[in-house]
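Two complexes, one shared chain (subunit A), two partners (subunit B, subunit C).
The block that comes next holds the complex of A and B.
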């Protein structure tokens, strides 16, 4: 998985656990998880859609960066807005092509979560297999900023530092935007009480379109970041979908700030959990956390539930 | 279900039972797949179609059945092993049932999925700790015999699913789909009904897992617990429709046919068609093929 560092096996010493190296690893994964989950959470919060094609948007972002780099030698940093635009466009198409119909039909909207889950499953299968048909299923990658920078006792590669920087800036920027900008207020109003927001004059339709585009765009950006450090394939998205779901379940569906906190928390739990046990326990750790939280507090560990 | 439908289904079952006489391994293989999916989708519908508790983790029962079965092969004769596989899946459902069924709506959907992946990863971990990387099955019965067993499971699942819809259990389940709190208030034993339907929907998939294993001849946890199976069950149920017992059969038949046409040559195209049909059915035909037929018949009158 992205950002997860590997450590030599053997008796663990406190100095490894306390090292800045491990902290850096945890921060890199945490920021990426927070970013991926942010997009999923925005779409769930405002539209009540469970987007299990979210990881496929990460995949599309990753392929965008890969082809721009390979064909035109355009560095990933320049591909960021391009991937964002591409995914936002896809969000726009899906909203007007599919989801507006779902949300407006009272029979379908009555079970919007289950129905959207199946719809997105269909979309995810289409995106994966179309990509596989176009570009084959083989793993691809490119080298970018692989140089090692050492600060104090912590060694880091340029691409992971960049990934941390971009993901961190974006999540914090998004939080500030939601907190202080007027559109952010409307968005939070739609998340908390859609009907009431409509009554006080929020253009709910507009907020929903912009949110789905923004949520998709963020995932595309995350994909560009992932492609700098990982191999990419048409089927790489699913683990990201799962991780993002774990994060927003732990944080509480639809609660944006808690979701970001939970993203970082998962990065830490994963990095330190693997350091203390072994990498083969990663999936058990993640799914165990997921199932436990759902059983004990389905509304999320950190927050009260958003009313649906 | 009226008499004519029952007679038609009986004839189909009889026809399937006679297929091994043709002696074509290909025909037997396709029929085996069809019966397997019918058994799985009917079982799934026992809880999920009637209550709206959509399970996206049914592969867990299939995988547990397969795993228990492969472990029991050393000391149990096949039929007892099959029974044990079914019972273990049912027992697992019973144990996790009470906490899991308290979780509702979208949380239930993702919880069941998460659970099946958790079980898969635990079995993977156990197997690699035991130093086992896949287990071979020797002296499996003849494919024709396996088809008969799978046919028996498909029939059993269809009958039980049908009975549940009609019986008091089904009425109770339908009531709790409409409004769980109201149903409980007027005296429906909500928790118990859900648990019965949930356990019932797990037992046959356990036996299906064991038979599938005999058919493939190989146990590998990643494959036995493949989440695609859970997704396929839900897809077939949606496409077929679950209003009555014919829906799951139609849904399973449509996808087995589609996969025969496309899977071996164009697997990616098969998956794309699957994705597109999901979207089309949810948006335009939410009652599935069975609803479509009903509408066509009314229009003809």
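The block that comes next holds the complex of A and C.
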């Protein structure tokens, strides 16, 4: 066998595939994907903005956690609300600085999707390079909750468990909020029928500003979680933007619950797909799913077809 | 009228004499301009600081010492002329052409990365401008026509494969799991490592490649763990080196010999994992604790003082070495490209990595070596000729 050009890997034994270890990993990645995609989906759903700079918000969250930890020994758990506030503030600035005006003008609002793509591309480049200028592009990292906790046969690093806890709570919390809270209803109304929502008395402007702030804040929170386990660089955001787009397209653009489900689905496809085939198939599996969904169910894997 | 003429003449005379004075002064204060392109943005940009910092430190030290000594004893300050190549080799080619033909720089320093070095080598050849390369490593470097480019590295994949297999054998490794990033450098190392392991009689129990954007290695590492190999060799890049360390620790993948290819020499890697990564072996041939290299420790201390973090034992050390070599060659040969080329090709240089001389394009002196993290410092543990510490089997994470 050694010396062979390739070394085809047989599937793992069934007991490994059914073990809690893989389930834990799939849940950790899934929850993170769901969380990152949630922010993007909120902003797209309510404002029809294609936020290509979404990953940069994750990066800002990661740097917030890194500097708070390094300079002031403030643990990431406390940086979570800070990063959320910082990113929400950025969302607020963008909304009142740019988008409110664009969305109010019907001509501009009609083109806002395409325009926002270019605008956010610019914002993404500015954020990346400003960060690189301020902090250099050296990779950063810090140690937090690196201890391993073993429950039964499953080993979990403290920071991954925390990441799962926070991301899981936030995504499930958001689902419940949309289902049961009056503001959640308004938000869904704005996503589904903006004009009708306005007619029945929903304050669309208010819903939009809160949603963009919330969407940005969620990305900042995801960044704090990511910073505990990955290296932090000014250019770390782009892969998250791509993953988030894959997730929300698989789930159905603007459909919040489906997007969350799709995030978890992607985590499972990645972990179990690699276990059943090989790590080199990761991209094929993920983009294969993406293309298949676009071909077979372009409205999204978990969406009910929209009747028009 | 007369008065006006007088004023004019005086003004002219004053202007001319000032001019003359400036020109005379320029002879010695005119900085030596050193051009380079760097991947400041794009996919390789994360690597740029470790190289730019080395350049900045070197220039600061040279200028503080009164300037760059040019054959004949004259000293002139140095300054850099640099452009962003956006991690694109084609841009690097254009930039080096511009540096040589339009900016007319006196000297050249290297860009970041193997693809850039390979791309600009023909430009150096065409314009007959010498450049000491640094952050490049591939067997393809040897295919370059020798003459105007040299490489300070000894981490060339074929020698690395051979030396790693010998090192593992010497430490009693009988079986190994190999995980390889799909990027070219990792794949190249793997292609030489596998036959070398076979030659040493070491069994390969897992051999898996994974994409650079991998986010979860659990299923791969569960497989590795179940095979219980003596050595786990992750031919990784920085991002996945972080992932590998975190998840190998989580799963308790315990082997006496654990290697992660590129990443552990970063200050941030050791800061992120602390004592957990003690015992991890990695690629590199420089350590601040090698007392046979008198320049090593002062460089380490100066870097730490200036940037607040440890120099990357791979890229930063290579970059600094390349400028030390250039500096010593200029001191003997001056700025004439042909004489400089001759001096670099035939000279022997004192660097932070010990003595260096070239054979063709390659560093002919520095042996291919392996580092290990011991008490959060990087020690050379292989080969015996330059080692600073004995290999210590990894004790868990």
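In this section, the second predicted complex is superposed on the first by the 288 of 308 C-alpha atoms of A that agree within 3 Å, B and C clash if a C-alpha of one lies under 4 Å from a C-alpha of the other, contacts with A are read in each partner's own complex, and residues count from 1 in each chain.
The rule we apply is simple: a residue touches a chain if its C-beta (ideal position, glycine included) is under 8 Å from a C-beta of that chain, and two chains touch if they have at least 3 such contacts.
If you're wondering where the values come from, they're calculated on a predicted model, not measured in any experiment.
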item: Touching partner for A:182 - first (subunit B), second (subunit C), both, neither; value: neither
item: Which superposed partner A:200 touches (first subunit B, second subunit C, both, neither); value: neither
item: Which of subunit B and subunit C A:73 touches, first, second, both or neither; value: neither
item: First (subunit B), second (subunit C), both or neither touched by A:231; value: second
item: Which of subunit B and subunit C A:138 touches, first, second, both or neither; value: second
item: Touching partner for A:108 - first (subunit B), second (subunit C), both, neither; value: first
item: Per-residue touch tally on subunit A - higher for subunit B or for subunit C; value: C
item: Partner chain in contact with A:118 - subunit B first, subunit C second, else both or neither; value: first
item: Subunit A positions touched by subunit B in one structure and by subunit C in the second; value: 128-129, 132, 280, 283
item: Subunit A-touching residues of subunit C, taken from the complex the two chains share; value: 40-41, 43, 45-46, 48-50, 179, 182, 194-195, 197-198, 203-204, 206-211, 213-220, 222-223, 226, 238-239, 242-243, 246, 249-252, 266-269, 271-274, 276, 309, 397
item: Subunit A residues touching subunit B - in the complex, by the definition given at the top; value: 50, 98, 101-102, 107-108, 111, 113-115, 117-119, 121-126, 128-130, 132-133, 242, 245, 249, 253, 280-281, 283-284, 287-288, 290-291, 294-295, 298, 308
item: Contact set on subunit B toward subunit A in their complex; value: 52, 54, 56, 99-100, 103-107, 109-111, 114-115, 117-118, 121-122, 124-125, 128, 231, 234-235, 238, 268-269, 271-272, 274-279, 282-283, 286
item: Residues of subunit A defined as touching subunit C within the complex; value: 1-3, 7, 9, 12-13, 16, 19, 21-22, 25-26, 28-29, 128-129, 132, 136-143, 146, 148, 155-157, 160, 229-235, 239, 267, 270-272, 274-275, 278-280, 282-283
